[in-house]
Amino acid sequence: MDINLMFYLIPSLIMFCCGVYGFITRKNMIAILISLELMLNAVDINFVVFNRFLFPGELEGMFFTLFAIAIAAAETALAIAIIINIFRVTKNIDIRDLNKMKF
Amino acid sequence: MFENILIYFVVIPVLMLGGLALCKNIKQIRAVAVVGSLALVGLSIALLLGYLEQRAAGATAEMLYVDSWTWFAPLNINLAVGVDGISVAMLILSAIILLTGSFASWKIDPLPKEFFLWLILLSIGVFGFFITIDLFTMFMFYEVALIPMYLLIGVWGSGNKNYSAMKLTLMLMGGSAFLMLGLIGIHYHSAPEGQPLTWNLLEIAQNNAIDRNWQYFLFPMTFVGFGVLGAMFPFHTWSPDGHASAPTAVSMLHAGVLMKLGGYGCFRVAIYLMPEAANELAWIFLILTGISVVYGAFSACVQTDLKYINAYSSVSHCGLVLFAILMLNTTAMTGAIMQMLSHGLMTALFFALIGMIYGRTHTRDIRMMGGLMKIMPFLAVCYVIAGMASLGLPGLSGFVAEMTIFVGSFQHTDMFHRVFTIVACCSIVITAVYILRVVGKLLLGPVQDKHHLELTDATWWERLSTITLIVSVAAIGCFPNFFAELIKFTFSENIFKVLGMN
Amino acid sequence: MDQITSVLILALPLCMFLLLGVFGNKMSHKMAGILGTLGMGVTLILAYSTAFTYFFSGSELFIDAAGNRLQSVVFDHTWLAFTDNLVIKLGFLLDPISAMMLVVITTISFMVHLYSLGYMHGETGFQRYYAFLSLFSFSMLGLVVATNIFQMYIFWELVGASSYLLIGFYYTKPSAVSASKKAFIVTRFADLGFLVGILILSFYTNTFDFVSMTSNPQNVLASTGGAMFMGGSVLTWALVLIFMGGMGKSAMMPLHIWLPDAMEGPTPVSALIHAATMVVAGVFLVARMFPVYLMEVTALEIVTWVGALTALYAAIVACTQVDIKRVLAFSTISQIAFMMVALGVARDTIHEGVGYMASMFHLFTHAMFKALLFLGAGALIHAVHSNDYTSMGGLRKYMPITHITFLIGCLAIAGIPPFAGFFSKDEILVAAFENSPLWGIWMTAVAGLTAFYMFRLYYRIFWWNEPDYEHHGHVPHDAPWTMTLPLIILAAVSCVAGFIPFGELVSWNREAYHIHLNIPVAATSVIVAVCAIALATVMYRKENSLPDKVANSVKGLWTAAYNRFYFDELYLFITHKIIFNLVSRPIAWFDRHIIDGSMDMFATLAHKASGAIKGLQSGNIQSYVLIYLMGALLIGVVTVVCVVIL
Amino acid sequence: MESVGSIIMYWVVAIAIILFSVLTVTTRKILRSATYLLFTLFATAAVYFLMDYQFLGAVQIAVYAGGIVVLVVFSILLTSKPGDKAEKLASKKRALGLLAAFAMLCVSGYALLSRCGFFAKMPEMEEVGMKRIGAELLSSGEGGMLLPFEAISVLLLACIIGGIVVARKR
Amino acid sequence: MDYSQFLAMKQEIGLLVVFLLVFLYDTFMPKKAQNSLSAITCIFFGLFTLAGFCPCLSYDANAFSGMYETSAVIVAIKNILNVGVLIVLIQSIKWANSESQIMRRGEFYELLLVTLFGMYLMISARHFLLFVIGLEAASLPLAAMVAFDKKQYESHEAAVKYILTAVFSSAIFLMGLSFVYGLAGTLYFDQLAFAVAIEGSKSVMLIIALIFVIAGIGFKLSLVPFHLWTADVYQGAPTSVTAYLSVISKGAAAFAFFVVMAQVFGAVYSQVWEWMLYALIVLTITIGNLFALRQRNMKRFLAFSSISQAGYIMLGVIANTTGGLGSLMYYILVYIFSNLAAFGVVAAIENATGKVSMDDYNGLYKTNPRLSFAMMLAMFSLAGIPPFAGFFSKFFIFTSAIEQGSIAIYVLVLIALINTIPSLYYYLLVVKAMFINENETPIATFKSSVSERLGLWICVAGIILLGIVSCFYSSLLELTNAM
């Protein structure tokens, strides 16, 4: 059996969907953040395998992933800062309690 | 730019706005309003004389005083102006009503300054609309005229004013939504392939390039768009509520002038530019307007609020305007324009009188009043005269307008049109019913409310306002041919084009 | 006949109206009255000279070599041009009937002006009264000299309006207000027919002009090209519709209901407008268009039927009324119906169109004696302060002049020779018999009824039983000279008018011809009238119970007639129940709730929708991203399905 | 035909990715979730190694696994008491989550599968050396990443400032 | 390495210079001099904005082998944004100098400038990596800015909502990008356009990738259904930040959106994304309006109004012509002035009294006529009432949308036009509150600060002049037509 491109894309897609699922179902904000990491990570895999399988002569996809990792790190840092901040105010990081503003 | 007399119809109100902004007290405000509107009346009369002079000198162009100044060059939007007999008539009407409206709001309270600011802004829209021949500027002025209504009714109105003001504004804006689409559509079909597109009415008419199928789409859009302001059934319901809640001068200006924008626009844009579709689709709107005419009159019969009665009567009369326009012949259209003039003046008179009566009795319910003839004879007599004009007494303006419409409409060779004309004719009886009902209940008979006995008759500014209007109504009624000829000359060319296609 | 005179005939009353209307309040009563009367007097003189000139000058303008009178358009100015041909002109058409009408109108009007000086003395609104009288005179004069049908329509409306104003003169009285309203609306309804008739006629003939229509009626017929509408030729439709206008103004059944109520106005007004002049406008209209009517016999037959039925109906009703003005009003209706019948039965082929002449003749004489009767009634009311004859009786002793003049009026209307009514009515009966015996007998019977109810009225007022006037505070007496003088003049005219050689002056084709009495017809009618008078004498000369017995013996008919055959109730039913409650109110309701409701519904819907989707904005970002993702996927899938798969 | 070793390697990695991803979002203990995330990230790094992008794999381990997860773990420790456990999910919420994930899976999966080009085998590739990476990263020519490199530095600076501002007490 | 290429990016570099100056001033100047930080920033930025109008910038250039592009149009777009930012800066002075913010204002300005830098990159980027970096730079610092109001719980909540949804949307966006990369093997716009044209509209992959890309940018534009974060974040964020979010961030995203759509996916316009946008526009305008109908909180209200405005903005994108871009630019320019006027009033009132409910505005005209007047102008302009600029921008964007000429577009414009009715309704509600409604305890008369007044005056001048003075629109259209 050959390992073709799809063999990598599908797991990455599943990873992405897990992220989606996690985002929608988890109630802990940090868990949501973790789900987001999964999603971003899945995208990274996509870029890399596309690059490797389809366009092996170039490095664009790989670089994209490289930058994406950096961005993800920045995002996470900022998000965690904000989450910690809200934890300071409410002593709680349950996403369901973030509904003071609605309708 | 400033050598064209027409531009002053916008410049003077703008100056008035500036003057008002500087005013300190009510006296100054009144002075600005009266001087400005007098200047406008003078200007319109000067325009009329100049226009007649040019015509007498053999000017045969469709429009005179034509001028065009570039505004948005990339879209070929110009500030194009020009007048024909119809616009001249409308300008005179607007100026007179603005003047009388200023008198009628002599004691407006609170915030007189703001009131006049908005009123003048409204009049900028009105005057601008009548002088331009560029679709874009026309539409712009049209909307300028609409929006001050909201605040004028909302702040200075009475009764259920919030609801009415909102309803009026939203419905009229709804109409202008269709209108805007129609106008843009016309623009994109204004010239044959390869030639530059234009917004200029005259050029579009000359190009006559709007494809027939597009006309079927754009004609209803524009007609309905303007028709809403012309109180066409079933889009008329803003009118009773709006008028009922509006302060006197606003009712006057709105019913007297603003509703005419609708009829004027229907003619100037919808029919003038898309005669083929007008010819084919007229029957649909004839039915609607025919309904308006009778339906408005019947509705007016059972109302108890004076303003509602008059508003429904306006629905009926304005319906007649659109009805006649759709007949697509010179006589009926002349009648339509005369009806616009006539209705504008007499309905302004009505609203002025209603306002004055309301200002004294603090009620508009005819069941609460009676025998006012004894208490305020001047106002009552004026009311009777207005009523007589409204029900078409010869010698006053209503008669000549209606007769011109009926005779013109009946000249249509199609049986359907003639039968509908007869239906519309029926309105004269119903009109008599509701007018006499009001006169009987309100003015005649014994005095209903003892407190009313202490009320006073009209003050000098009220007299001035009403007498001006009555004289104008009588002038049209007694010398109709002058106005008819003024208007007719314009039509003969255009209509020829329309009928030539049949 | 110069233009200035003719213009003045119209302009003088108009100026009086404007003068009195605008500055009346600044004048004293006396001043206003005298001014108005003077104005009318001058008009009277001008009109008389005009008529005299027309009939007797022999000028070639007015009479051709063959002795036929001509229609002369004195002036004709464009007032409003609809199209090149359809032009409303304001003009002055002089021909036999308009000249005659000028005389009638100015005479009666002047009498009434004069009479009112006394009758209206001290009333509030005296100036207004004279202003309205002048307006009416102006309009009526304008109507009769109209050169085209639209001019006639214009003045037709104006007389309607002035009638409205005068009926409602006592505007604080609710009954007067409603009467005036009724009069206006009913006639307005009729005018709708008139207007539509004009529209139809002008659509085919492409002219409004009377002269061109009546001088060549065949052209009118030809221009319709035999077009039909709902089973009738369009010309019939047009003529019947125009006649409908006449029915309204002339109070023909079923549009007569306004006239009895119109008696709410001051009595001189009733004499002027609702007896002598305005109400005959319908007759005048048909007469004016008569050559055209001759083209469509159907239309004339309708005229006849309407006239005959109205004549009978009004005569029967008149027998039962107690209000003297109402009796006179019904008698007026009946007499106008006579004129209508006369026109209806007239044919160019029969007896030189005698009916036309008879109609005009009766119009003339009727105007005189009916005005006389009304003014007499006014004097009575003035004296007794009541309209009911039950509060009168035995007045012959107190008011001799009124008595004599009233008696003359009664004799004239009853058709007793040598009074005016005899001659004109005789001609009508002749014309009716010429057309068909049915109409002859019918109209003779009505003539008998006329004599009966008039003398019933006469006896009840001047004989019968005398109530206790002393007890009521004052004794009735004759009126001042301003009021009696017109009575005397009119009585004199009523005596002699019958001897005017009317046929010489007026005929349908303006050819002069001699009237000769048709002895059998005349004899019959006189016998019938005398019998009727005798019956009335028996029943009403002295107070007795006979009338009640008679009334009880035909109770149903009596009650019905007393209630005017319930026409008013019918109208009330139609206007209030049907028009107001079944049409107007539903329409108003529909407008408020359906049309307006649907506009409001949009707003409500928008708010409802806004409330319905507010759950989307739940504040929970997990549902936000769910919607985000599902929305994106949905759009993507739909696009895929549409673009790729379809 | 590839070497059996790489096939086995692939399956191990693939199953790890899927398994740990699922576990990450289903486990009820937040700290475990972070741990599973770490494993997922390691598996991802393994994918990069399989793709012969050693540098990227290293970055993945260093930054992602080493940096981010540590950050996450710290914040977990900061915000939750030990033994904290997520309560059981409401079935409705889970259904919605599953629905969304499944829809995403179906749509994207269909999109991917609809491309036959994506069934390509792994071609040969010369090794991507550090030198080439460095050169291309800082080149301004075609495929060069100099500008993004500079730009992201601004981004990172901003995020630092933002983080500080947010985290600062007052 | 060719650093000379950076010289093509004069505006970006200028912006970074301003950023650095502010940064250094904030960090190293003594406490005393700090008082003038706001003014200094405004002055620096004002100078920078002025410099942006220097004609020497209006050249077409391509740097980093097509990764970065600048042209007269792009410069104009950036200038439009600059003007907006300048107004925001001026309006925010009062807030930034308030007691609770004074120690953070330096960071506020720095973050703001960086986000602007990100937007520059989004607009100028011709490579998706750069684009993504720009996108993130434009949204991540914003999250920190949203959280600026430390005393307000809502601020934190808004920040969390913003950052989580932002990251989610960028994940979706990146997913889409990865698909695009898989299809084309490149991230350069020009090469992508080529690849997309070859790929054609029948590709499922492309369509799905496209919707993910649209969703990612649509998030920034708050198109429905990607808008749900908007109201909450707008409400929670400090008013100046909300103003920035609703105007600048949205405007920049709109330009970027136009560029991406037209340049990358232009080949599948009529088959694919015209219809996607069609649906999005209808949804955005309608749902935005429906939500706005019932809002009583001014900031939430403006949020929904800005959502429906985004729908109108998209009409310029769907036109997909140079005229469309011109109208879009003009629309955003006008929108900046109108919306900032509204936010300026809201902020002034909030700073003075802390009130943000529409009910608190009742009777405002009696006590603060000028503020009410400015607010009224803003509302009229947003509603598209002549003679204010909003009317013109709406008219022109409709006109350019219709230029394409299909009946479907007419219907779309009709729907948009009909939607102006409810929008007029809610804008009038505000006017009604201020002018008509009675209130026993209206907001007391207060004197707004010089900066607030200056900001409002600029906005009012813009509202009145931008429309009537035709040269703005004409010159923009000339610029884009020359493209």
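We just call them A, B, C, D and E in the order they show up, numbering each chain from 1.
The rule is short, and it goes like this: a residue touches a chain if its C-beta (ideal position, glycine included) is under 8 Å from a C-beta of that chain, and two chains touch if they have at least 3 such contacts.
Computed from a prediction, not measured in an experiment: that's the story for all the values here.
Among the remaining chains, those touching chain B and also chain E are C. Among the remaining chains, those touching chain B and also chain D are C, E. Minimum number of contact steps separating chain C from chain E: 1. Relative to chain E, the chain whose mean Cα position lies farthest away is C.
Ranked by how close its C-alpha mean sits to the mean of all protein C-alpha atoms, the top chain is B.
Two chain pairs, A-D and C-D, are compared here, and A-D has more C-beta pairs in contact (counted per touch definition above).
Relative to chain D, the most remote chain by averaged C-alpha coordinates is C.
Averaged Cα coordinates give chain A a centre that lies 96 Å from the centre of chain C.
Centre-to-centre separation of chain A and chain E, using mean CA positions: 27 Å. The distance from the centre of chain B to the centre of chain C, with each centre set as the mean of the Cα atoms, comes to 37 Å.
Between chain A and chain B the centroid-to-centroid distance comes to 64 Å (mean Cα coordinates, whole Å).
Looking at chain B, one finds that residues 170 touch two or more other chains. For chain A, the set of residues touching two or more other chains reads 16, 19-20, 23-25, 32-33, 51, 54, 58, 60, 63, 67, 71, 74-75, 78, 81-83, 85, 95, 98, 100-103.
In chain C, 603, 614, 617, 619, 621-623, 625-626, 629-630, 633, 636 are the positions where the chain touches two or more neighbouring chains simultaneously.
Under the contact rule defined at the top, the touching pairs of chains are A-C, A-D, A-E, B-C, B-E, C-D, C-E, D-E.
Those residues of chain D that touch chain E in the complex are listed here as 107-108, 110-112, 114-115, 118, 138-148, 150-152, 154-155, 157-159, 161-166, 168, 170. Residues of chain A that touch chain E in their complex: 16, 19, 23, 29, 32-33, 36, 39-40, 42-43, 46-47, 50-51, 54-55, 58, 60-61, 63-64, 67-68, 71, 74-75, 78-79, 81-83, 85-86, 89-90, 95, 98, 100-103. Chain contact summary for the complex, chain B toward chain E: residues 71-75, 77, 136, 139-141, 143-144, 147, 150-151, 154-155, 161-162, 165-166, 169-170, 173-174, 177-178, 180-181, 184-185, 187-188, 217. Interface of chain C with chain A (complex): residues 614, 617-622, 625-626, 629. Contact residues of chain E toward chain C in the complex are 160-161, 164-165, 168-169, 172, 201-204, 207-208, 210-212, 214-215, 219, 224-226, 228-229, 231-232, 271-272, 275-276, 279-280, 287, 289-291, 293-294, 422, 425.
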